[in-house]
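Below, each structure is written out as structure tokens.
Presented sequentially are two complexes of chain A, the first with chain B as partner and the second with chain C.
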Partner chain A sequence: MSKSNSARKRWLISQAELEIWLDGLAQARTLIAPRQVSGIMLYRPVAKSNEIAWHGQTPRSAHAGRPVLSVKEIFFPPTERLFTIQKTGQEIRLEETFPDWETVVFGVRPCDARGVKLLDALFLDTNPVDSFYARRRGNTTLIGLACQELGPTCFCTSVGGAPDNAHDMDIMLYETDGSYLAEAVTEKGRFLIPVCEWKETTASPQQSTYSGQFPVPEKGKWPEHFNDEYWLKISERCLSCRACAYVCPTCRCFAVRDEMLAPGQFERIRCWDACAGENYRRVAGGHQPRAEKGERLRNRFFCKFFYYPEQYGLGAASACTGCGRCIEVCPAGVDITEVLMDLEKQA
Partner chain B sequence: MNYEPRIIAFLCSWCSYTGADTAGIARIKSPANIRAIRVPCSGRVSPELVMRAFDQGADGVLVLGCHIGECHYDTGNHRAAKRLPILHALMQFAGLEPERFHLDWVSASEGERFSRIATEFTEAVQALGPVSWRVAPGGWQAAAESLLPPEKEVPMPALDCAGKTDAIRAKAKELLTSGEVGCVIGYEVGPRGRTRPAFAYSAEEADRLVWNPDVSNNLVSYLPVKLKPKGKELPKKVAVVVKPCDSRAVNVLLAENQFTRDQVHVIGVTCEGVSDGDGSLQVRCQACSEHTPVVCDTLVGEPQAVVHAGTVARVDWLEKLPPRERMEFWLSQFDRCIRCYACRQACPMCNCPVCLYERDDSTFIGLGIGLNEKRTFHLGRAYHLAGRCVGCNECERACPMDIPISLLNQKLAGEIEKTFGHRAGLAVVPSPIVTVLSGEYKEG
Partner chain C sequence: MNENPMLPYLGKLVEVRDLAADIKLFRVEMLNDGGEAFRTFQPGQFAFVSAFGLGEAPFGIANASGRGSAVDFAVARIGSVTTGLHELGEGDIVGVRGPLGNWFPMKKFKGKNLIVLGGGIGGAPLRPVIQHVLDHRSDYGTLTILWAARHPSLLVFTDEYAEWRAAPDTDLHLTVDSPDEKWDHNVGLITQLLEKMSPSPENTVTITCGPPIMIHFVTKMLQEKMGFAPKNNYVTLEARMHCGMGKCGRCNLGEKLVCVDGPVFNMEEVGGLLETFL
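Our next item is the complex of A and B:
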């Protein structure tokens, strides 16, 4: 779908033009954008562009402009109803509840867009296709905003990304001195652009000059470290909460359960779950194959850099986008970059 | 229109249920709104049952038991008498109208009393109209952003960290070299310059230990697992570095038999407050008056009195709001929760092997990450910490979504202190709400 860099059409627009456009988008569709909610920044629906936290810095975090949760929650919400079950007498009726509203997400960071792409590998590109995810994904257009700089915990450049990478967006915006260079990356994105009103330009965004901050161990190196003592040691401070997984753009485990709504009425829901949890892998009979938190934390890293890429054919890419959220939220100071550097040193 | 409230009444099988029967036999009129649930004892009515009733749409909950002193199980109703008022205070704090929940005592012969209490309660609930506690899926939208009053910024006082660091390292080395302890849990500075928990097993590793203004983690959280017997074997003694607030957690865990006193060597460090990361004192430290650990084997630092400016009383501010606004406030907070359980995992008191709110067979709470479930989890957790929370505030610090969870704990700590004169962890005594009543109890 995406054209090569040089063939992409570009427009130069002012802040005012951008806001008028976003206001228009918000009228016909659901517009989701970074917004301040009780002191933290989240991707939330906005009715007008003036609700958007443009360059918002949260009071408690020095991190510039990155919402606490990734855009994952838009495609794969914390809790989703799959269908309802109605039992009347002998008759049982199942009713699916598909989400089918059109959504535009504005202000997507390149690391988050990369995360969505990685989720596609599991939910869309592997059979069976997840129809709920597919529906949301198909109805959603991603409008990216290039990061001006790397935040204190960012390391996207080390895992193959860049703060101005347009690759996984539908439309990409580059901010330059109060105006924006808009780039249509996909057909779906171009469809939303008011081509008659905007001024087309031949200018191209500045070439990215970022290079990796540190080397990441190759995929093939991981299995030999499976039985290392290191995992028990590094995990000692881990509290086995799930904050790292829930803020992660690519952690996608879920649990499914039927719950009663009223007598004779049930719903099947799926909600986020994470391998850090103490009962995540417990099986019938009570056995827990990952009883030690070192085993659970190891799974998190292996999943990002070995299992997931191996299983879903990502090639040399990892399932980590380098957004750094897990580093920021960990109450005990577990740091994924430290783990990567330690492993690289041992290799 | 005649509004008929749905009222759930938990009736003790021995007294109140029979009392309701007595009312029926004597043909005394009682309201038909009461759905009676027969329980073996009012002590059986756990807070989860009451919350579940409201979560399922009850307009009011009535709990009736035997008079104090007449319990069939001697002290079952003591538990009801102690803990249900605490739950009542908590649910009011979360925005429930106080009239919707009532605890009273009715004996088997008091048919008339049953009828009077049931009628009065029903009328009170009827006057309030339908309850708004239960939230329909997608049925809540933030009306307006409810923000707490801003916190006062108090600059960090200058601290002697180098001296304390040296003392901690020296003690840790001594303990590890002599083999008295197998591990010292302290603080280190990570590669990003962040202070975090550290586990030292040898004298060399003890050189990593530090003391600085950012030593926020409550390291006592690691003790229950670290000191758990493996089979018949007791693990080696562990030394732990504690601040005064953390030291109170040691006392609570000792009272609850999580480990024994001789299993742990407490390195207590005097504390003048911990930084919030931006050079200011953490809000909890602004109101803290304890600067010397209440339990320790080794004391580091000179005990000194430090007077901080008072803090903005956020609990008072919330309590002054009308119930409806208070409920809005809490819903807007819980709405952000993602049920990651960071609060619970960081808490030294939350050490159940399987959390009641995470059991596969839990009938109190669903699996969903919805508003009802999140509220039930947070209120239930706050209730379970009543009389046990030492105010270390790790729950709130660990929260990735900045939810002011500690307000619930502060509210209940105040309630417990007012009712029982108890502050958690000052001595090795369990929470007063798990023990029986002492002294004379006055009904009403």
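Our next item is the complex of A and C:
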């Protein structure tokens, strides 16, 4: 458990001190940070702090400081090997490799850290534990960076988050006039802080003044909207392209299949999948229980606000972090905030 | 269990035989730790079977625990994994992950009359129910089996009908949609056969598996024409799940996951869900 806000230790550090520290972390561990890759910002390994996209303005991302994909991919990669298969005549040999390297992620935004917490409910807290996710999660320290402002599609404050929410981080950094206030949120985070070198402070971070933007329908209200015509109407725009799920910090559906590596050698992989896909729910005889686009789009929204919270014990919380990425990438203008506001109006 | 629950146990095919047109029975003798994992399982549970190099798919376990040490699967050749399995023969190695899911509450059924309704390959997960009842015959009331297929060549477990018919208080009724010249049983849909038999709901539970449309109309008829309470109509549902452990998200029926909340449901539970399986 993280300590309460007031009990947390804090240090005031300069940009130079931060960079020296990150360079040191990158030597002993894999340091992953926002980085420019082919014109977009992604969380990628960096060898030195000067590779980090500090404020990352990019033409392809409407949000100044938030990578195009969430940190989800660090714990639950788009494609992951589950084991390899060696076939020699009738003999079969299966071999596993687990991710065992220590990783530090820098520049995590509060919405993304919240996304990881939501995935924990499924992969860690519900049996059986997912061994791949669990190893990555256990070996990774999250260093957060509070958002200075909300981006044009951000709505974290409407779904229980805040641009400066340190709750799901190990270490949180707040920018203050060219320097940083560093806060140890967990023991794991504190372990990485060079306490002898940094100057401890009693200063508190300035609290974000952003408040809730719009009311989101409560979990209990969702079932009554299940048969609304609305889903068919809104889905007329949807292309079933599944980009929304790809960028979502909490979409976690996957498919499992075998791929050939060489003659007689295969790997079993899992890769991201999404419920908007046409064949996603099709069964062996060809029956397709979610044949309509509207039924599939409805499933996505119900999963975020009703199914997932029900299935994995989130209480009143939703499985949406308000990062706004799905709004940014949708080529057809399906806007989750519009959907939430429309539902609230109908209630 | 393995640290990695996605890692299958290995099993050796000790018998592969044709059950029906494009449907084969695979009898697997589990190797190493798999023997312990599959020492007991319950009627209605399922497992993933791997055709290594092609992938894995979920199948209802087709035999009752306690009839030898092997695990049976009835596989219709439909897609790439099932085609790969059909190419395997005795002595070949497959992967098996399970047993998974819930099961038919056979203990709760004790003393009750059972009606088992199977359509096509949907008969496979019902065979363990039939075998379990035959193996504990005095625990249950009458056993009535309604067994259907589109065509006589698609009826499964034909070589076991004599055993089923010979058991005390056990009836087997066959029907096909389109008969061939040798067919001398009922012709028509399973609902037509059911309507003709018009069973009493008294002290009786039904267990149905088949195509979704069949499950829908069978249970509707049982409730609307014969007066069964939905909670006494048990079904086992299908979904193209990829993990079987509540992770991959692919098999949700509204807020329930077929893999961990099912695959066995009674129709009262199904009726309470937001989404329909149809």
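One rule holds for everything that comes next: the second predicted complex is superposed on the first by the 342 of 347 C-alpha atoms of A that agree within 3 Å, B and C clash if a C-alpha of one lies under 4 Å from a C-alpha of the other, contacts with A are read in each partner's own complex, and residues count from 1 in each chain.
Heads up, the rule we're going with is that a contact is a pair of C-beta atoms (placed from the backbone, for glycine too) under 8 Å apart; a residue touches a chain by one contact, two chains touch by 3 or more.
Quick caveat, the model's predicted, so the values are computed rather than measured.
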**Message:** Quick check on the chain A-based superposition: chain B and chain C, clash or fit?
**Reply:** fit
**Message:** For A:327 in the superposed arrangement: first (chain B), second (chain C), both or neither?
**Reply:** first
**Prompt:** Once the shared chain is lined up, is A:20 touching chain B (first), chain C (second), both, or neither of them?
**Reply:** neither
**Request:** Applying the touch criterion given at the start, work out whether A:150 contacts chain B, chain C, both or neither, answering first, second, both or neither.
**Result:** neither
**Request:** Could you tell me if A:130 is touching chain B, chain C, both of them or neither one (first, second, both, neither)?
**Result:** second
**Request:** Once the structures are superposed on A, label A:303 by its partner contacts, choosing first (chain B), second (chain C), both or neither.
**Result:** second
**Request:** In the overlay, answer first, second, both or neither for which of chain B and chain C A:79 touches.
**Result:** first
**Request:** Please work out whether A:257 is in contact with chain B alone, chain C alone, both, or neither, and reply first, second, both or neither.
**Result:** both
**Item:** Angle at the Cα centre of chain A, taken between the Cα centres of chain B and chain C once the superposition is applied, in steps of 10 degrees
**Value:** 80
**Asked** Can you give the closest approach of chain B to chain C, taken over C-alpha atoms and in whole Å, for the superposition?
**Response** 5
**Request:** Could you list which residues of chain A make contact with chain B in one structure and with chain C in the other?
**Result:** 255, 257
**Contact set on chain A toward chain B in their complex** = 37-40, 42, 60, 68-69, 78-79, 81, 152-153, 233, 236-237, 239-243, 245-247, 255, 257, 259, 269, 271-272, 274, 277-279, 327, 329, 331-333, 335, 337-338, 341
**Asked** Can you list the chain B residues touching chain A in their complex?
**Response** 137, 145-147, 190-192, 194-199, 217, 221-222, 277, 332-333, 336, 338-342, 344-346, 354, 358, 360, 366-370, 394, 397-398, 400-402
**Request:** Would you pull the chain A residues touching chain C in the complex into a rising list?
**Result:** 82-83, 85, 87, 90-92, 94, 96, 98, 122-123, 126, 128, 130-132, 223, 226, 252-258, 260, 266, 268, 270, 273, 275, 280-285, 287, 289, 299, 302-303, 306-307, 310-311
**Request:** State the interface residues of chain C toward chain A in the complex, per the touch definition above.
**Result:** 1, 3-8, 10, 50, 52-57, 76, 78-79, 82, 91-93, 95, 211-213, 238-240, 242-243, 245-250, 252, 254-255, 257, 274-278
